[in-house]
Amino acid sequence: MIYYMAAAFLIAIGIYALMLKKNMIKMVIGLSLMDSGVNLLLISLGYINGGTAPILLNGVKPQEVVDPLPQALVLTNVVIGVSVTALALSVIIRVYKHYKTLNSDKVRDMKW
Amino acid sequence: MIKKSIALILIAILFVAIFFTLANDLPFGDNRTTTGVSDKYIYHGVNDTGASNLVTAIVVNYRGFDTLGEVTVLFVAATGVGAVLYNMGRPAGKKRKKTEASLIVRTGSRILFPMMLLFGAYIFVHGHLTPGGGFQGGAVIATAFLFKYVSDTRYHIDHNKFTATESVVGMTFALVGIMGLLLTGYFLFNFLPNGSPGELLSAGIIPIIYVAIGIKVGAELTGILDNMMEVEQ
Amino acid sequence: MDYTAFIRPEYVLMLLFAGALITYFAGKYSSMARYSLSLLFSGLALLMVALLYGKNTLSVWTPSITPNGISMYVGTNPLTWFFAIILASLSFLTIMYSIPIMKGKRMENWFYTLTLLLMGSMLGVVFSSDLLSFFIFWEMMTLSSYLLVTLAGKRSDKAALNYMILSTMGAYSMLTGITMLYVHFGTTEFSLLSAQIPGTPVNFLWLSLGLVAVGFLVKSAALPFYVWAAPAYSEAPDGFTPLFSGALSKLGAYGLFLFMYVIVGMSALIGMGSFRGVSSFGYAIALLGSITAFIATLYAIREDDIKRLLAYSSVSQVGYILMGLGIGTSLSVAGSLYHALNHALFKTVLFMGAGAIIQLTGTRKMSEMGGLATRMPITFLTMLISIFSLAAIPMTSGFGSKWLIYEAAINKGFVFIAPLAFVASVGSFLYSFRLLQAVFLGQLPDGLKDAKDPSLLVTIPMIALTSITVLFAIVPGVPLGAIASAESYMGIQPIQVDSLFYFRIGNSFGAYNALVVMTILLFAMLVAMIMFAFAGSKSKKVDQHDTYLSGEIYEHHSDLGLHYAANFYRPIERMFEPYLRLRLERTYDAFGRGYELLSEGIRRVYSGDVQTYVYYVIGFLGMLIILAGWWW
Amino acid sequence: MVNIDPTLMIGIPLFMGFLIPSVAIVWKNSPRYLAGFTILFNLIASTLLLIRSLNAPVISVLGGWQPPYGIVFVAGPLGSMLALLISSMTMLTWFYLPPHIKEGNETKFYMLFILLMAGATGMVLTGDLFNLFVFTEITSIASFSLLAYSRGKDEKEAVEATIKYMIIGSLSSAFFLIGIALLYGATGTLNMADLASKIPSANHNLVMMALAMIITGLGIEAEMFPLNGWTPDAYTGATHPVSVMFASVVVKAGFFALIRVVFLIFGAATEALQILMIFGLLTLFVGESSALRQTDLKRMLAYSSIGQMGLLLVAFSLNNQTALVGGLYAMLNHAIAKGLLFMAAGSFIFALGTRDISALNGMGKRMPVTSALFTIGAFSIMGLPFFGGFISKIVIIAGSMQAGTEGMLVAILILSASLIELVYFLRVVHRIWMREPEDDSRLKEAPFTQMFPMIVLAAFVFLMGIYPQAFFKVLIPAAQELLRGLGTMIGGA
């Protein structure tokens, strides 16, 4: 249960960063946090009381393992998260080059 | 102030919604696999794919296409970072930073570099047996290169070689998929024998794909690092 | 080869659309080819339309153009023919007239292409026998007329845009009504539709017919929608205005005839509710028509701009047509159709004459003209007769049609409509007199000493149309014969026409023998002329400004508006001034501006700050979650 | 007939994407041709696929694992039609590319370009929810990268737009994934058909939560108000061909994903449709109203796109066959006409050096061909007869009439919005043809290679207007497919 709480909390913190932090790097960190929250959510969805890692070696029985599918999804999502973060950071480098600021309020040449 | 309170209210709504939905409707730790598809993976996965690591079985075999997509995402991101930061690099020969790294860092990195590469390779080669796999191994390899960057302000990778490597392994992955299609009519079909679970050379195409992914991810992450490190301050 | 096989409406349309294309490309290289080709195509089309007389055809037309297996039909019937011949002949004559008038003007080549296109789409509107092709041709017509208005250049921008916006609004309303009909009945062909109408819920009919009618009311510039008319008519290129006002404005009336009497039919219309034996729907149309006629007349009286005056006059005359159309008795419908014909005849002549005068004088202000009667006798005479016809002075065919409409209104005892019509009629006499007086009588300004009649290409159409006016005044039975068959097509008791002598028209209430009336009036005129000839020798020529100037030099006061045609009807204007200030245009303008302001506000939603957008996203999600019924 | 497996439409672009960088080391100009070849392959494959799928849906199982255990590609008429749309628009954009991407790294551009196509194709063809997520991510990350590609004058705006798009887009994908996780928790499966059969018996609360999350997640790609803050900036900042790709490919794929999830998985849940209807109308009005006051050509087109997407949302949420056919027709028309408009606008801006609408005065004389093409596109969007937009408008209105009294209201709202659209497009077209230019000099038209795609698109706009039957042959089965739901279609597979 604490995992659910933590997942929801991570997501909330991520959104908090997105909504109330002006610094764009912090916003990207918020996105990363959200991603982690989602990953945690997925993993904990697949948890089964008393289960172990889904590797059927050394005498682990299929009855004893947790649901492997969410873990596979998380694996994919982690990579996606990394990609987005990397790209976002490099875009921010460019933004900084042009605007000399990371404040999202100031980066609004285009509006209306 | 109003803005902040709106934000907090919204966040509270979301938090409560997500948490209580989960807690009420998906009790933690319940076994829900019997109703879904996971049962098949758990009970037949080893037989079907030959991989003892069920996560790997799913990632590379059952849902291998997701992984192809995932590799593509990373590839797109790496390409994107290259495109975004194109022409922003420092002039050749110029140092990245004014100060050199300390002796400890330099020596440490020299010693650790090959070991990290080896460890990364180990992770992705044993992806079907132990926790880990291509992405994790690739990340370790990229870390090794990051060490190099940290310790030597002039160090940079040979882009052409990296690109070529990346291309070749990427194409290998795609080709494995296409070969599956040609040989059996299914894209990404496991056309190699499964072997006996638990051995290194087992699980059909999984090791091939994981090796390809490992090298590719390593090269791509290194490329991203390189692109970012090289940006002129 | 039997040429009659080609006398079918679809070939007329094909000829015109192909002709427009050919004219465009040929006209790019040679202006002579442009003129001769456009004359050729429109003339041929006119001939074909004329030969269609008395035919009833219906044919499926390229079904591929329509979505989902709906076929398109074109056909002809008496009602169609009546309008088609007006449209075709006016188009032909206008093209002829345009050759000298539009010479060297902006985008001349486009003018002929678009006029042919407009002619094709107008004929398409009347020939089309199903909802979809009707709408398509209607849109084409709107678009090509819009383009024609814009040809006048920057001056016409606003007028053209307003015209297009209002027309499209009307067209969309029409589209809504049409699709309602289609979805309800599952067919688009007119006769199949009308067969299914009996027994349809009254509310449905009101709604769909009302929506469709909005489109037609816009096009005929009826009351709440007339604001586009005066600017668009007056700013349009001189070569196009005659067609615009003479022909195009009739299509609104045609559409109403079509939908009210052909598709819905008289009995269903009465079934929708009636008022003194007249369907409520028709009564509403008639009321709108009469109010439009009245108001537009008031505006016309104030105008000094010759084209605007005629434009308002057009609006008012179309109001008469709607009046007769709405009352829906045998007499009134005949009057309405007859007035449509008459208006087409005289208003085209008037606009043609106005165009010729404008080209000559370079101004549209009547207060800068005068005394042209002696210099431009043909223009004067033709316009004089047309003005008589406009003012419904006996001896012209305009009298006959208005007479029929009045009589219908009086017969029904409409205490509101009939007086309005009378007052408007007096008003139309006032403004037409102003036109006559200011432009043709009085003294010649110095600049116009060497004015002379325009070339034959201009005068021939004017003379042709005027002679038809006069001819129909004597033998109203000729047009009324066609009208009677159109009426019977619409399921209305046809007006009785004496088949032997085309002079008598009438019904059970009374008759009107045009020949007798003409003879008497001609005699009276003769007397009057003799009297004038004796009195005329005593008249004295004065300068137009003499009365006011007391010896001052005119040139110093040219901006004072001392020409006698300025403030011609000042006393009357003063009477209506406070009411005339409440112009509907302002409402529309305010609405337009208001909407622009609103959208200026709306687009502030996109603040440009990414954080705002995050708020939107999270807010949206929060709202969805609450909506999803998730609260403990 | 040759059958090309739909999976190859992903496999080959990926392979080529991996191949291009290494070939580029040796042969510098190769990326353009390799990319062209790839797109051509996809074009042929999707054409064949469409023909095949008209008879029976083409189902391709990946890795030999039958659904719901493995990932499956399902190409019904609708999916194949969109795949064809995507590949053909990509092909045409490919012709249009050269001068607009000179300033950056072209090799990387072409790689991203074909991967974008592959991602979008995957989005429309996949039959697995998580796979849809992965392809959505490929598509959006490729769009981010392409958006940030601009160099030179537009660079500043491009990066600004990119960071906005990225933050909103990543946020949305997180929600999408939460939705997927919840659905997985509720049903234990990820296959769309399987989901569709299991959802009715699943926990209602959970499903509704998931629906909220997924609508939010995919609504962003579909430019749904109020999630479309990124749209105008992205269209404005992007290089012209990339704007074309956004309008005709990315957004269409995102929209399709949204519609598919709502229709197929949630069985056209009425709650969801009402929400889509309301927000569709809002999108329509906000988009069109915002466009009314624009002075920036591309921004105006962007807002018009938003409005059109709103129209599509409304048409689809009416949920009857006529409206769906109309909606699909509008979707095709919008992809084609807006692509044409962005291309023509791109040529204008390239020649003029400014995006200001007032600079367009008298362009009809200065760049007649491009102006004519622009006008054709604008007429189609405005819905004038003989252009594609007319048919779609009529059919949508007819569809909404079938929805009773509220449909009537919807019809009136749609038409008033398209009146607004008419106004601002007419202003631009009027400016182009009727105003006198300040500077009378003739500008250089785009070369034929760039003109070619525009001419093809214009021809299609006409064809859609005068021979709609050809399109209805595909669209009617497509609409039926949507209405029937994926569940019955995939049954045996």
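A, B, C and D label the chains in the order they appear, each numbered from 1.
Heads up, the rule we're going with is that a contact is a pair of C-beta atoms (placed from the backbone, for glycine too) under 8 Å apart; a residue touches a chain by one contact, two chains touch by 3 or more.
Note that the structure is predicted; figures quoted are calculated from it, not measured.
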Going by C-alpha centres, which chain would you call the most central?
D
Report which interface contains more C-beta contacts, comparing B-C against A-D.
A-D
How many angstrom between the C-alpha centroids of subunit C and subunit B?
74
Quick one: report the Å distance separating subunit A from subunit D, using the average Cα coordinate of each chain.
28
Centre to centre, by mean C-alpha position, how many angstrom separate subunit A and subunit C?
68
Once you find the CA centre of subunit A and the CA centre of subunit B, what distance in Å lies between them?
15
Numbers and ranges of subunit A residues touching at least 2 other chains:
11, 15, 18-19, 27, 41, 45, 69, 73, 76, 80, 83-84, 87, 91, 94, 107-110, 112
So which stretches of subunit C touch two or more other chains?
603, 606-608, 610, 614-615, 618-619, 621, 625, 630
Residues within subunit B bordering two or more other chains
3, 7, 10-11, 14, 17-18, 21-22, 26, 32-33, 36-38, 41, 63, 66, 69-70, 73, 76-77, 80-81, 84
Of subunit B, residues touching subunit D in the complex
17-18, 21-22, 24-26, 32-33, 35-38, 40-41, 48, 61-66, 68-70, 72-73, 75-77, 79-84, 86-87, 160, 163-164, 166-168, 170-171, 173-175, 177-178, 180-181, 184-190
Under the definition above, what is the set of subunit B residues touching subunit A in their complex?
3-4, 7-8, 10-12, 14-15, 18-19, 22-23, 26, 28-33, 36-38, 41-43, 45-46, 52-55, 57-59, 63, 66-67, 69-70, 73-74, 76-78, 80-81, 84-85, 88, 129-131, 133, 135, 197-198, 217, 221, 224, 227-228, 231
What residues on subunit D touch subunit A, complex-wise?
130, 134, 137, 141, 144-145, 148, 155-157, 159-163, 166-167, 170-171, 173-174, 177-178, 180-181, 184-185, 190, 232-233, 236-237, 290, 299
Subunit A residues touching subunit D - in the complex, by the definition given at the top
11, 14, 18, 24, 27-28, 31, 34-35, 38, 41-42, 45, 69-70, 73, 76-77, 80, 83-84, 87-88, 91-92, 94-95, 98-99, 107-110, 112
Which part of subunit A faces subunit B closely enough to touch in the complex?
1, 3-5, 7-9, 11-12, 15-16, 19-20, 41, 44-49, 53-57, 62, 65, 67-69, 71-73, 75-76, 78-80, 82-84, 86-87, 89-91, 93-94, 97
